[in-house]
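Shared between the two complexes below is chain A, which has chain B as its partner in the first and chain C in the second.
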Partner chain A sequence: MIATAAATAGLLSFHPSRSATPVATEPKATTTGTTATTNRSKATSSGGSTTGGKRTLTGAVEETRYGAVQVQVTVSGRRITDVRAVQLPGADNPRSDQISSYAGPELRAEALQAQSASIDVISGATYTSEGYKASLQTALREAGV
Partner chain B sequence: MTEHAIAAELHVRPRGRRAAARPNPALANAMASLAGAGLGLTLLLTISTERLSSLGNRGELVVFLGRLAGMAGAYAMIVLVLLVARLPVIERVAGQDRLVAWHRRLGPWPLYLVAAHGVLITLGYAAQARTGAAAELWTLLTTYPGVLAGTAAFGLLIGAGVSSYRRIRRRLAYETWWAVHLYTYLALFLAFSHQVANGQPFVGHPVARAIWTAMWVGAAAAILAYRVGVPLVRTLVHRPVVESVQCDGPDVVSIIVRGRALDRLPVSGGQFLQWRVLRRALWWHAHPYSLSSLPRNGRLRLTVKAVGDHSRALARVAPGTRLAIEGPYGAFTRDALRGDRVLLVGAGVGITPVRALLEDLPAGVDADVIVRASSDRELVLRDEIRAWSQRRGARLHELVGPRAQVPLHRDALLALVPDVAVGDVYVCGPDGFMTRIAHSAVSAGADPARVHFERFEF
Partner chain C sequence: MRRVEQVMGLPVAIDVRDERVSGAAVDAAFCWLKRVDSLFSTYRRDSQIARLNRGELSEEDAEADVREVLAACRRLRERTGGAFDAEAAARAPGARNRIGCADGRSGAVEPAGYVKGWAIDGAWDVLWVAGARNAVVDGGGDVIVRGRPEPDRAWRVGIQHPLIEDRVAAVLEPGEACVATSGAYRRGAHIVDPRRGGAADAVLSVTCVACDLATADALATAGFAMGRSAAGWLARQPDVEAMVIDDSGRTLTTPGFDALRVDAPRKVPGSPRRAPSSDIDPPGVTQVERSSSCLPAGR
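Let's look at the complex of A and B:
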């Protein structure tokens, strides 16, 4: 009886520690500017900074069913040199966490390759892909790319 | 109470006695429709929170089917436990023997569905993450809170399923089977925690989560109320105690039970209760025994064939021993009658509920009674059956002798009861006997829907 209760309590309190947020799995971009976030309602990005021709712009926060998505883009002239996810879904849902951990890098690679926001949806990560795309769009519009 | 005393009481009209609540087939049908609607709702919750346009994406269809299997399996678990939750509405219409049979037949389905759920989700997620199935399974078990609990629940359910498999159950002590089966409640609790923690249909859908939670909480409340609450209250109200035990044939004993206001126990002739002997090493084991006479003067009687450990222990139980009751249960009552012509058939110890049913028949019902035993000594409660048949104006047929000498085929039945086709037939006895009688009655023209059984061999 006691063993059963202990085993049950153990199972229910089993909350494995994930390797922090999926954002950490992306390459560390050298922060070149301040980050300011905006609401979806504004639908525009704010906060950009310039360092020697390189500009860093933060996209709008896109709320999806599984959580918020927000990206930060670094452009040099008209070239996208880096994309970083500031927020991806997964804070309170293990499935979203796992999806973000593989969809994040894939979306970044797609954006760098396409040099625009016309990127494909990652299978199994429809919501995240759409949010990523939309946030990227606002950042790029701000950058004038 | 001696036979003489009972016979003397035949002419005493019992006052204040309560019959079991009348069965309400319309309500039972409504419950069945509700169960169907629940399945529809479950699948709808799953489908409506899925984006169908993304089903073409890699792995998504497999994941979707895995979710459907998981949700359907979880819903099947609810239905499965509610079937045996002793809900009076369905219990009075379908009868517990039939409900247990459905529970057994449906039993493997949650296991199949949950197994499919585990396999499909692992494969689908692996495809989406572009990893192997084993790696994905490891990720699921170690990084998804709730998946380990769900897996443990599945293990417990498999234990219950395997130990209920006919061949294995026969080798197990009842105690073992019961303990393993009791763990399914823990399994359901763990399964529910897994569903709300990991269920993708519920992420970002508080309404879906609320509906789902309400279904589970409702089922848990019904189980607690009818499997624990009502029996506890009835036991505390009536305080049944063994008054005396008497031998009524080879290995057959009658137990007179005395209690507070037992006449007020809502029971009909032909029903049974689950009995627990409140003594160390016996209390946790409930057994079904039919009443062999309706409650009167604060007493009722059950007649038991001492074949198992429990019934043997019951035969030796000392007067004054406290009992706990669950029930009454069973649809083998006068409420199943559809006309005023009836044939009651009892064999061996199956004669006992027939005896109580005979006592409880409505006035104006024209009855034939067949009692069957292989020897005179095994014809239990013979004098009472005779007295009650006489009082009810019923024709009594006592069939005694070895099987070869007592045919029960269609023509033999027709010779005894020429108009068996026009009435209701009630049969209680060993499974083989009931099958033979039912077959003879139906081939003689009886309506299969009007042949009623009480199965002893659960």
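Let's look at the complex of A and C:
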């Protein structure tokens, strides 16, 4: 069922200059959470750092069936400017590999858009890693966004 | 209460907001999904579908759930003019070599395109019986929303933008409806148009909103396989609202879909079904009146 990342990239190159207008979402002054996962109570995040108004926070390590997942967010003011996975399930299991290569970029996307739209759930997102979300959540809570 | 498990090859998230619903109810819903996987998975040698495909089990002798799904798949093939075809799915590259597809031999089926939505509908039924009224069940991006997340607001569903990874293409408050999206941007070109044999590629994503997820998911899959004719076809279906994003980036929506959006002006209640701003306007086609109570026309 899973095609290669290269195939996906090929499809994404369709007429990029005429892409549909994305929805402009306004950052909320008081964000109660990025997704429904907010309700989970998880271990606190750790390892924050600050450079030039930007803060980098690392979420808790979340154990998933496929291995450990850990996420780092960069925050400028109340805005998330980047989300990266610092740890994703390793190469010991081919399936984990596939999930890692998908889940990283996809959840990065989800996190970036969900922060501003009070969206509870995304339709279209396949192969999301909940461990990634959970780790992200702890980092976001720490960041106060 | 929120729980996520990887089942049927997908992360399935169940988020129930009713205090009275116990963890046991959520366990039962996941149990149901695991049973579905054991019956239908073509990744398992011992599933009923794998045994059917090898000729070791006849359809008459299969479990009632299997017979129900196979009958539904045949109805869908008819309804979609072959755009949804569980037999073609079993022969598709990437599926035929799977352990349960019996090398795509004649009569082999891969009903996964229907099973996923149908299974998630069943999981919701389990939760409902246990008293859940306010919940989301998210099966790898195909979602059922019911009730409300909090008393003073409605569930919001973002539709992943197929070209811009950190954006949504629309935001819906679908009320009690189900939302499914098929596209080429997530798992690669995983939907094959049975009538052409190749990967469906003229549209980037098809989103369907319907009263049950089995319908929404199957019609989104079929619409994606149809390519450019999907928008007109979906506009004529009585039980679904749709958004199609084609490969030139145009977004086509049915008026009923727009009525659910919160990122665009809502249609005035009581305005004509075919509002002038409607994007889907196939020549000579009048969008049918919606028959389904959970969609805007029935409100």
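Quick notes on this one:
Here is the rule we go by: the second predicted complex is superposed on the first by the 89 of 145 C-alpha atoms of A that agree within 3 Å, B and C clash if a C-alpha of one lies under 4 Å from a C-alpha of the other, contacts with A are read in each partner's own complex, and residues count from 1 in each chain.
As a convention for this text, a residue touches a chain if its C-beta (ideal position, glycine included) is under 8 Å from a C-beta of that chain, and two chains touch if they have at least 3 such contacts.
Remember, predicted model here, so these are calculated numbers, not experimental data.
Residue by residue along chain A, chain B and chain C are tallied for touches, and C comes out ahead. In the overlay built on the shared chain, the residue A:120 is in contact with chain C alone; chain B does not reach it.
Annotation: chain A residues 4, 7-8, 11-12, 14-16, 18, 65-66, 102, 121, 123-126 touch chain B in one complex and chain C in the other. By the touch criterion given at the top, residues 4, 7-8, 11-12, 14-16, 18, 65-66, 93-99, 102, 121, 123-126 of chain A touch chain B in their complex. On chain A, the positions that touch chain C within their shared complex are 1-5, 7-8, 11-12, 14-16, 18-23, 25, 36-37, 39-40, 64-66, 102, 105-106, 108-109, 112-114, 117-130. Considering their complex, residues 2, 4, 6, 9-11, 13, 15, 94-95, 112, 136, 138, 140-143, 145, 149, 153, 155-171, 179-181, 183-190, 201, 204-205, 207, 245, 247-251, 263 of chain C touch chain A.
By the touch criterion given at the top, residues 51, 54, 57-60, 63, 124-125, 127-130, 139, 142-149, 152, 183, 186, 189-190, 193, 198, 200, 203-205 of chain B touch chain A in their complex.
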